[in-house]
């Protein structure tokens, strides 16, 4: 299996590293316009191959290196700067996609495409339209990372393993995103009925709001501290890649084109979705409160508003 | 970390193998009265160490090999024969525990004890009393295996990854066990609202009943076909061991002493439970229907009835 | 990737288990004439899928289940009985191959074939001829297991990790096999110059002879103790499967058709060999003493003698 | 098990990531003077914990976070700048150690210490003296990374798996380092007798010299391309950590205090060494040519010369 990663910045190269460490793919290629950098990243990773499951990694500034890939991940784009909202980045990145996506589809027409560049929902929508591919084959990493952050915070608060927390962030990967509290579970217990947490407090509205806000602001906080986020997103995207390559039918909150999902259509946005070999399948409709349903609708609008500004 | 496995039969030796393959423990020891067999099993596994994370395995008919273990797993017991109900095995196995458990507690007083021998709930209760250990430190593998079977069947029926199915079998590991349908989820969707499954049928009462019955009868069917069950139970118990050794606080349906759990007390039985370094912690109380609550009470009674016959 | 395992006995089903535990293949199928048994083994393994990387396993008595496999492993054969030499088993197993191999080649013509049934060298030779496949595509597990046993014993004696011992058993998988002592290394040190071992003794001819004899007699000893060997061989064969599926070009002592290898031709026998996607490649010629060269020639003759008795 | 990583720069944080991805340690802590950065790195990694074996990671500017660690890795130091030789960095980094090492020994007196900061041999020697710890307990990552680079290049040239190449770089981690060609093996074949490689050329002196020079200059080249090296070194150090935590007795070319090793004494330098729970054990003496022996002596002198400049 071959994974092509476009953009060898903080996210792309960490993703290549995580891919090989986990043995998720046999062949990883990195493509970036910056030839010196992409070759250096690939070489640095390649030198560690002795310590991983068998794999190979190469880097090139020629897009042809992506030929025949099973999965293409696009991380090319401007890096989020301190203070900058995700939506501010849209224009530049969409312009990149106008040239890049057709080149990629040309050399890897059968690949499943995973967009990571921000603002991921808008850029996924633009990329999908530019690509002309079936909607199932082109989607964004969406809120898989945000859901992972949510679970981490709930797990810590409740004193349980993060793997026993089943909860999703849905909507925009950005300011209008929202946790689906009413369907969240810890083991077999609805999160809303959890009772006292490890510090004795209840998971009441106040605590939940502060968790939600911490999830939303995590990226800003990390970017302030270290200039980029790369580690968790690398793992989140490997998870998606594995769901595709191993045909897992795993439920992941990726961002894909919605069609009458709780009344929402014609926007790429994250909802719990079955991901397998052909890309995205069934979108799952959880039980939602009116507030949650309204929040999703509002998030969709906010994404659509940006997309329109760029003619999509 | 050191794991001691008592009983090197089909279950015990497969468990030792799975432990080393996953790197769950650095040191695995097998103890069995049958000296030739236990040494042969250990040797056969040891020869494969080149292909696993670093580990070691030794076998002995001397219980002293278990000294200082962090986890002790007890699989010593009579093997279930075709046609024999799990409860029929109780007497002989409890008798084994009367001699064995004090010997083990003697050499490994600080270990967490995991009972696997059947009928696991009754034998866990007896073992706990015999051991004199705190209740958190001595529990049974319970329905972790049954829950895994349930998830497998639901996953197949619904066309999703088994890792996206969150569902538990509770009660006795045996004929009176029951799936907690009303708290079961697929991704963010209550299982009871799943809609059409991969073959077009609904997950209605009929389909659910047939899944529940297949779970219950799996062991019988496998034992008829191959004389024992060992592979899935090996993995299920490794999962529990990992939860202990890595202090995971993972929610697992192990069998432990209940105290006013939905009104049920003084019986070892499986419910979703937080498992970590000190053994079992908080027992989680899911939302249950009246039928489920009644089923759990009935299952508790059925276990208690057997225990009483043996003076516990 | 799809791995087909023919024969769901002790070796075949343990191999299927190890395959899924390590995530070596996405799809594993088991084929055995014994329908009840093969279905029970597959079901028992399938129930543990929740705890492994995504995979699937099915069992059938219909050879068609092997269709389109990337790798076919043949473990069908008579089980070695206590006291029985490996060469005694030849006739019955070769007869099985006359029917079985053409059926398999029919449904999986592009697969790489790995023979495990004993006496593996003779049966590999017979199977290769029956199959009509290119010699690179059909080989035996040979002495990969024996080499692993050798390394285990050296590692224990010398107090180093088994992964730091580089040593091979070559020749027949059986009584005439021999360690290639003069090319064996521990880290960067020739084994023949190791100096005092962990118990103070030297790795002199006596110690080496006793290690060689322990390797040779391991199988007999384990079979006496537990009736079969299955755990280490399962891991050894997974290692070979991984070398093929991940195109590793790993050096493994598999049994393949030799052509003027140190003067030896027209026999299947184990020597250090590069294994990758297309099966066996370059056979490596180590530095050998005259004694080792003679031992290899003698081993080849002993295999050829048996093959001839069965018309190959 | 607890691993403390001091310095949360490119190397330290990548190492923490690799540690958790591989499940090498249950608890990882990062310590750095830069509070905002160390907290951001830890948070970014922590958000991905859902996708790894159970683990935890925290970051702090207070050295007390390292208390009770089993292993302490020191990556604090100046980053190598383009054009700068490794030896140029010595002064500043040794000064850091004068304050840092006593603080660390204070809170983690029983830990095994692994120095990574460059020039690693000199800084290890200084750190060892400052620490007052037994020599086995304090060593440097040395040429584990360089050996991994060497194997990667040989593997590619010869068309075999990197895991089948057994070769070491010894001496200084720096300009005077040298491959131990005469003990290098591919499978069971001495590398010096390998014959034609995958491109038809021989592994003659010219090819070997160019490989050796590529290894030596890798770091410079990667630093020019991306400003740091972090991926392969992260994996190399995880390998060493695993050797300690799992008590592997693995042969690794770490840098430790030599005492009459081929006549070399009182210098920290890399040679093939057995690494286990107590740190470094037996140093292995390979067969060397006169040129290799001379190269090692020269390398030792070059390290000693620098150490002396700083009063060690």
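Chains: A, B, C and D, in written order; residue numbering restarts at 1 for each.
By our rule, a residue touches a chain if its C-beta (ideal position, glycine included) is under 8 Å from a C-beta of that chain, and two chains touch if they have at least 3 such contacts.
Please read these numbers as outputs of a predicted model, since none were measured by experiment.
Number of steps on the shortest path from subunit B to subunit D, with steps defined by chain touch: 1.
Seen as a C-alpha superposition, subunit C sits on subunit D after a turn of 180°, to the nearest 5.
Summarising the inter-chain layout, the chain whose CA centre lies farthest from the centre of subunit C is A. Note on interfaces A-B and A-D: more C-beta pairs are in contact across A-D. Computed centre separation for the pair subunit A/subunit D is 34 angstrom, with centres defined by C-alpha atoms.
For this pair, subunit A with subunit C, the centres built from the Cα atoms lie 43 Å apart.
Contacts with at least two other chains are made by residues 54, 161, 163, 248, 250 of subunit A.
Contacts between chains leave no pair untouched here, as each chain touches all the others.
Contact residues of subunit B toward subunit C in the complex are 13-14, 17-18, 21-22, 36-37, 39-41, 43-52, 54, 145, 148-149, 151-152, 161-163, 218, 221-222, 224-226, 229-236, 238-239. Interface of subunit B with subunit A (complex): residues 159-161, 163-164, 166, 168, 180, 183-190, 193, 243, 248-251, 272, 274, 284-287. Within the complex, the subunit A residues that touch subunit C are 23, 26, 53-55, 242, 246-248, 250.
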